[in-house]
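Two complexes, one shared chain (chain A), two partners (chain B, chain C).
Here is the complex of A and B:
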């Protein structure tokens, strides 16, 4: 990766020490974040805080898997929201049409989500990516809109606009109660929270391993210079296809988690254009090509969506009667849009990229002083 | 001049007539296929409806395809110009109705108000187009990823500004009296507005054809689509041409939006996104960068949508995707696209 500063002489003691320090710092931050999510229900013992944390984890997975496609592979897909929705609907419909909720329904939904999204992503890639990378953006945009309409119209399967609400089996069910630990009730909600946490971490680590693997390196090299990668003998389409399929499958797993956490899906909440726009906002604000940016971006947007409406209410009571002020306060998506454009212009690598750049700039300065 | 002539002229010895005749005959046969299931009167009504829808789509798609062909920019904010045009047309009609021109006035007044609404939409679209190209799009030439991201952000912002100016709810659009009702030709009921849509669409197509084929500007634009560098080497300021094409495309999309508003008698802030997706399908079918291609693509999409929604209503929305997939499989560069 070009952004990572590599000292000319790796045996220089100062450079090595500061690199070790940076690595240690990064590991510490990672451990702290993970610990925060693990202890979250105890640190902030309210349902709302737990809801925010769970959604951050889920969207961090969505955004990281999207980052694999847009950031590492350099392909713009507008169907990522669709794959997310596909996963969500897999869980909801398997349980809805499967009678009494059972444990194996979860496994069936997960397998179905990964299988369907892989097949669909391969088909889309075959039709459009083979031709021209930019076609992929256009075809996925059309397809995602079609999926959204289908979710609303195919009422016999998806129950249409009304959506599907369902229960989870066993210890994940809302009814289950296992007493309390240190003042926090151990119920279906809490168990679901940890299930979401476990799967999210597993998928996230899997994505990290994937981009660090030799295959991931080839994928990045194709983004940097496709002709050169072809000249080196790599079948670039195969690698791009693989990245698209892995990313889309990751999104569908996150969709299963989202449906499991919310226990309700409808076309608007998981398939609509706003979902896709949110994912785009998160990945851009967090930082393209960083994976960890997914956590930052997801945290930023989920938190903003949770607390902005309250801020807006406060703003409108400050200026009562001024209609244009009311309207301006109501339209917080506008500010997201402006922020989004500014980030694309000024910090193309997002928050994570900017942080890494600052750290990389400090490093040689420190070695120079010794 | 020689280099330019070679760049824009038809390659010598290209077999035009035979192949094109075969394609044309095949297309005509395809258009007649629905007659197997639909009685002729209904078929004609549906055909006119499909042509009208196609012409409205063409107005958006042509800007998209020219901007892509000339500037290599996928402008996902193009739908926002469409929505702005719809809202501007709506406002103009509302103002003029206060003068008694639109729903109650004489024939001249209601035709005049229609023209004023379309002209205002075109003007606002062109001005917005100039501003957007100069301030935003110009910065991202040559970088597809940034273009896509920036124009998505732009469409978000432009839709939000609509909500601030006009409010977030659906608005009812007044229909000028001259356009209400329909003509009855031998039992074929033709909505007046659809006739206007077809006339405007064909006029724009013909006008663009003349502009591109018969004028100096058109020559330079076509040359730019083929090879930008050579046009610059010839001493033309490609930047100004980019601005002009972008503004022109935006103005046409805005006119399309204003006509759509009158056609549907209703507008909402999300109308741009819906239209953009259909226009993208049209451009993929027709071929990126080809004006004739997007005309053909728009007609195909409009007709297919109307026939299928009559025969199998549930399939109507999928048929466009299906056509797009078939075209991508058989002729990935689009019906009229090159390479």
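Here is the complex of A and C:
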């Protein structure tokens, strides 16, 4: 719908300026984050750092797409990890069964991932959205577990628990080398990193545009009060279906990116319940209904999972021979749990939710009592 | 007399095993404002919800401009041109005032633009709060958003449930003026406990008691009928 210019009352001008400042600040932070990802390989010139950054980008997309379903539409689905896995397997299997890796394999995998996840999400939503929320959640949980078992048992297609190891074609291949720029080697890994960055940004921006569109507003109104949206003339089921399909397609694209980055998939790494749990933790930590929370949640979990195990190494270096310190350092999962509880306790609406709340409080009061 | 835009005939409705509407029959004529009056629990709100399809009629017929709608779903009834303002100041609190209005006008037209101008004229405060989240508005402001949002769409019939509930007298007087203006453009069915508002907005009335229509007629007759008012509304 075209925007209709409505003149604001002069009393609102102060509030408008404050809003402009907030928007400017938000745009600045966004640009800074993007710049961080773009220059990441030069700022932190190690494979480990690049791996963390790439995984943050990929999981930010997964979490944002999940946020569209759970945060914006209010549908509790446990099948999101399955769509992520579906995307990952699409790339792995297309390349594995397609002979020598070629560029078009990537396009086929992407189309296949989006197509299959859209069809599957439509079918799940069509049969489950009409039932109560708890049954929808149960159906999706069962389906996710079924996909996990299928990934392990259908060995002729998926190679079972052993998983699929594969190479990427052309400049994305590990063997490709294009020299160096400012001390950083331009190789297949770096090119893959920027491919992941490009696709992640495109999908994330697409999701943002979707939630900010008139359709996104309808979806938000359904989450807030479905009956009210219906009384306004909206066929709410169609909108919920659309949100489920778009979110699931987003997760499957992220799955393709993950497989492309890791170059290996097995049922446990992309279809297991821990994957879904991680996505849930990320969305809770980042904040529901914010999309940007996906980046924060993904950064928190990926960074914690990468660097908390280092505690053991640090303990053995700093406190050699202190057995209790060694043993405590081994229990990094425990600290991860404490850290998670602290975040949930301090930011019940997630980190981005808390930031939004603070910004909202800073806005001048603009309502009068009547 | 013109044909009724809405006609209920022997409508029954149940909620959670309770027989709430027990054969409601009433009519609303175009260009008029019909007020549903009655004590708490008489079935006024359920009547509006049944017209809107939010409560399924278990028996009887509901006709909108001659077309039966009692088996239609809520979104279909809304698309047939019935607007609904529930009693709980039905704003979508996470959306801004502007977004609340845009939801009601998915396709902008000359008519919706004209109606939006009318809404701004009736409720100038909305311009000030246009970009504010609807959830932070006061009760009166939320009611303005809810009524204005229903009005911007070119509805054939507007169902409004207790707009004066919980509002200060000065706001109620403002709403009366606005609703009187709106009834000139749209047929209105109003549920109201506040007789002051009912008499100033309504042109016709029906009194409900225990899920049945027990009285009906022109508002000016009711204003002078102290016996009926005392018996069914508890006012003298």
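Please note the rule applied: the second predicted complex is superposed on the first by the 314 of 370 C-alpha atoms of A that agree within 3 Å, B and C clash if a C-alpha of one lies under 4 Å from a C-alpha of the other, contacts with A are read in each partner's own complex, and residues count from 1 in each chain.
FYI, a contact is a pair of C-beta atoms (placed from the backbone, for glycine too) under 8 Å apart; a residue touches a chain by one contact, two chains touch by 3 or more.
Source: prediction; values computed, not measured.
Engineer: Applying the touch criterion given at the start, work out whether A:128 contacts chain B, chain C, both or neither, answering first, second, both or neither.
Structural biologist: first
Engineer: If you stack the two complexes on chain A, which partner ends up touching A:338: first (chain B), second (chain C), both, or neither?
Structural biologist: Only chain B; A:338 stays clear of chain C.
Engineer: After lining up the shared chain so the two structures overlap, which partner does A:233 touch, if you call chain B first and chain C second: first, second, both or neither?
Structural biologist: A:233 contacts chain C only, not chain B.
Engineer: State whether A:139 touches chain B only (first), chain C only (second), both chains, or neither.
Structural biologist: Touch partner of A:139: chain B, not chain C.
Engineer: So, does A:212 touch the first partner chain B, the second partner chain C, both, or neither?
Structural biologist: neither
Engineer: Given the touch rule stated above, what does A:224 touch, chain B (first), chain C (second), both, or neither?
Structural biologist: So A:224 only meets chain C here.
Engineer: Which residues of chain A touch chain C in their complex?
Structural biologist: 1-2, 4, 6-9, 11-12, 15-16, 19, 214, 217-218, 220-221, 224-225, 227-236, 360, 366-370
Engineer: Residue numbers of chain B touching chain A in their complex, please.
Structural biologist: 74, 76, 136, 139, 144-146, 148-150, 152-154, 156-157, 160-161, 163-164, 167-168, 273-274, 277, 280-281, 283-284, 314, 317-318, 320-321, 324-325, 328-329, 332-333
Engineer: Could you list, by residue number, the parts of chain A that touch chain B in their complex?
Structural biologist: It is residues 70, 74, 76, 127-128, 130-135, 137-139, 141-143, 145-146, 149-150, 153, 273, 277, 280, 284, 324, 327-328, 330-331, 333-334, 336-338, 340-341, 344-345, 348 of chain A that touch chain B.
Engineer: Can you list the chain C residues touching chain A in their complex?
Structural biologist: Chain C residues touching chain A: 52, 54, 73-75, 78-79, 84, 86, 90, 92-95, 98-99, 102-108, 113, 116, 120, 124-125, 127-133, 136-141, 167-168, 170-171.
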